[in-house]
Amino acid sequence: MKDTQDIPPEHPITLEKVGILNLKTLMKIDRHNQEFRHIPTITIHIDLDEQKKGIHMSRLIESVTELLEEEVARKHHSLEEIGKDILEKLKQKHKFQKSGIIIDSELPIYQKTPASKKDTIEIHGITVEVLHDGDTWSKVLTVSVTGNTVCPHALSMNAGKTHIQRARGILRVETDFNNEIPLEDMVEVVERSFSSRVYTLLKSDDESFVVSRMYENPLFVEDVCRNMLALSRDRFSSCTIHATCISNESIHRHDVYAEGKVVT
Amino acid sequence: MKDTQDIPPEHPITLEKVGILNLKTLMKIDRHNQEFRHIPTITIHIDLDEQKKGIHMSRLIESVTELLEEEVARKHHSLEEIGKDILEKLKQKHKFQKSGIIIDSELPIYQKTPASKKDTIEIHGITVEVLHDGDTWSKVLTVSVTGNTVCPHALSMNAGKTHIQRARGILRVETDFNNEIPLEDMVEVVERSFSSRVYTLLKSDDESFVVSRMYENPLFVEDVCRNMLALSRDRFSSCTIHATCISNESIHRHDVYAEGKVVT
Amino acid sequence: MKDTQDIPPEHPITLEKVGILNLKTLMKIDRHNQEFRHIPTITIHIDLDEQKKGIHMSRLIESVTELLEEEVARKHHSLEEIGKDILEKLKQKHKFQKSGIIIDSELPIYQKTPASKKDTIEIHGITVEVLHDGDTWSKVLTVSVTGNTVCPHALSMNAGKTHIQRARGILRVETDFNNEIPLEDMVEVVERSFSSRVYTLLKSDDESFVVSRMYENPLFVEDVCRNMLALSRDRFSSCTIHATCISNESIHRHDVYAEGKVVT
Amino acid sequence: MKDTQDIPPEHPITLEKVGILNLKTLMKIDRHNQEFRHIPTITIHIDLDEQKKGIHMSRLIESVTELLEEEVARKHHSLEEIGKDILEKLKQKHKFQKSGIIIDSELPIYQKTPASKKDTIEIHGITVEVLHDGDTWSKVLTVSVTGNTVCPHALSMNAGKTHIQRARGILRVETDFNNEIPLEDMVEVVERSFSSRVYTLLKSDDESFVVSRMYENPLFVEDVCRNMLALSRDRFSSCTIHATCISNESIHRHDVYAEGKVVT
């Protein structure tokens, strides 16, 4: 008996992406001899031929859950390696021309506070996407990092007074699977692009350090976006790089933003 | 034949609130001869006796949809009037001891910019809750308004430099149904509590006005919260008043907040 | 004196989109002699030449707020007309090569329940985007509509029993500005693509009607997506049409989805 | 020189809660010899005397970051232990009468699929709150778990056909700090309360198992809520227990819900 999925559909239209969304799971990676554990939200998709009614969704899930049994901590050194492994497993279980996996998670980075040199830990949003088409493998890495903007126009018009606000920088790098781009380097690029980087812990001396840095480095959202692109261009080769900065204006109810792209 | 809802439940436990959540509908009100249209998200709940398996959910919806047929624009002058009307209709359709309706929407207020005196429109979040228990009617009105905070501690430590950020003030007033508290007055109270109120449109002169106001009026999140409580205490009698201020710190990834209460 | 925005930036990189995000405002339109009021969330963006440090953000806002003074209700018949008007105003105030506006709002549609023929009102998510590049104008219309899916595979394997769940269909149409595509027709296409359309109000007879319809019309998420594409292909000419269906599986914690595209 | 925080405020009003919100950090616990790592979102609050303008926010953060230096994995066996430790540290740094910490995170639980007995991992939402008032310590534990509801009324009216949908059960237990209530037991109570529990992985046999279970166990949202309360009453002593079930109706755009409480 044929599975319902394998009969012809009413409308023979090829679908680009069919799969699962908002799947939560556990992933362990071993990086520089340090274990990281992620509880990411993942998406997995494959294309669907016009002759088949549906895909076998449980095979996508199995490609994820079987990794749990295989002591993943010993084998993977990055989320993109896990992603590639899942798609390779999937290829054994389900026919497709194109497939992809998107892994949304968070990256903790240990820091020292800028003046008092105390320990602090900073958590950044990350997305790791692996794409497989025929024989080629590529990836898209994204980091989302908080910082701030200080308006240079207001500063010049108001004798040293200005408006300041929290901002978010989103840096996305598309490249070959084997082009190694550490997420930590991407976070560093975004942090250096703001008027000032921000910290979870700031003692009084640290606060003064950050405040002083902000007034010395007033930047529009456009400046932060261009800084992200210029720093990325110098650092990440053979990539298409997208940068977005969103500033939660302190003098408005709305946000302002800037988006750009460079190819290296 | 008995409806399934009316048979005894397996576990005879009284439930405090049973009803519908995230219902979107259209509401029209006529206020000071101006028509307002809302597409609110609403919640309606009643209590459920331990002897009944379920409530008749469609009667809650009918109490809302029947209003649509009755040309509501001609009859209601506020969202709380609509809310009360819905619960009174519901009382004819379904037995209960306690009931409540929560209407989440937005309030547009026309303003002039502070220096250039141009027209601008400001949209604020509002929630109108009507509660009915036996013979008594009460209400809970909430506004959520954007403004800013300017750190007085950093300002005093850094020779006129400080950190500034967007903040949100949430003011909640619980009172008898008949105690008239205009939502616009509640918005006004919150806006006056910040370091500066904010505007959708700011020409260069207006921006300087707001920047200057911020530095003259540095406030902690605690100060904004207390301002909201002190101004409310003077203005709204016979109420229990809750105030919360949340500040999206520009030097941190996290927010800071303050919450308090006064009874008038 | 030169505005800070007009000086050369540190990094001469052209930016594709600079503008405002999450701006809330009030928009009135007159459609078939019926007034609609929207409180949309809007985005406006223009490109920025590599020789300028920033754009003049307040001119984007002014292009919106000036409409408020001009009694918009008398002049606009759709959100895309308002969008075009805003970008045309903006062109007078600020130089650009490309610009765009995205208007996110909600569309109320009056319906009759399927069996009892009672009045009900259904609210759908809509996004209207207008794009301007040199001399050309185009638009992207999107509707997001709730319905359901009924698993045909489980139904065939379990003697008439299956799993059923809420689903969402998102239909996006890209076309010339002057190609008139009513949002109501797009909603109709999505509703007809599900196992059954859903209603805010359902009396007992209506509920039986919908339940019966669901079991007669079991559909995978792939089927719903293809239905949306096939129905759109027949109805909307000279368009690029994207369809996505997301099903909130009742037997899983995650969702499943299907995405496809046709060009007409 | 006095810190700005220590001067008297303009309005001498005691504030109930002042603190930090949306702080992300890393927490490690060692439970049954298994290491769990959390990247929770946390809130910490203390009360503020009417004589002080503000609290010293950085001391709240320090109470969190200092734990990072102390090799927390070796010392804590639960999130509530970490929470208590943070508040005890804070007490050394900052005067208060009342304090609290709220830790939002996720709990992975290994399961076997119901028929094929394959490995699967299920991730549930959890919130651990620790409250300290004078000399007393208490806690509030919450789990948020996905399952489904099957309408018994529709089933009885439509000859074995009905509507089915995803639902969420939220169970909250308030008790003394020392009353040990495993989060896993709370998840188990919620899962047993639904028409059927759900799984991330379901092979064809498992799917039939779950579908069959759903039709044998039709439940209103009210039934699920009462099941949660009845099962909790039997299992958790000396607690105040709140249960909420929210059902994402497959025949409506809105949700239905039920809320109740028992004291044990």
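Order of writing sets the chain letters: A, B, C and D. Residues in each chain are counted from 1.
Quick note on the criterion: a residue touches a chain if its C-beta (ideal position, glycine included) is under 8 Å from a C-beta of that chain, and two chains touch if they have at least 3 such contacts.
It should be emphasised that the depicted structure is a prediction, and the values quoted were computed from it without experimental measurement.
How many steps does it take, at the fewest, to get from chain A to chain C if each step moves to a chain that touches the one before?
Shortest path length, in steps: 1.
Counting C-beta pairs in contact, which comes out ahead: B-C or C-D?
The comparison resolves to C-D.
Starting from the mean Cα coordinates of chain C and chain D, work out the distance between those two points in Å.
Taking the average C-alpha coordinate of chain C and of chain D, the gap between them is 35 Å.
Any idea how many Å lie between the Cα centroids of chain B and chain C?
Chain B and chain C have C-alpha centres separated by 28 Å.
Provide the list of chain A residues touching at least two other chains, using ranges where the numbers run on.
Chain A, residues with two or more chain partners: 23-24, 123, 200, 202, 204, 207, 253-254.
Chain adjacency by touch: line, ring, star, complete or other shape?
The chain contacts form a complete graph, every chain touching every other.
If you look only at chain C, which of its residues touch chain D in the complex?
Chain C residues touching chain D: 122-123, 146, 148, 154, 157-158, 160-166, 196, 198-200, 202, 204, 207-208, 210-212, 214-215, 248-254.
With touch defined as at the start, can you tell me which chain B residues reach chain D in the complex?
Going by the criterion above, the answer is residues 3-5, 9-11, 13-24, 45, 48, 53-55, 57, 152-153, 156, 220-223, 225-227, 229-230, 246, 253-262.
Which bits of chain A are touching chain D when the two form their complex?
For this pair, the touching residues of chain A are 23-26, 37, 39, 58, 61-62, 65-66, 68-69, 106, 108, 110, 118-121, 123, 200-204, 207.
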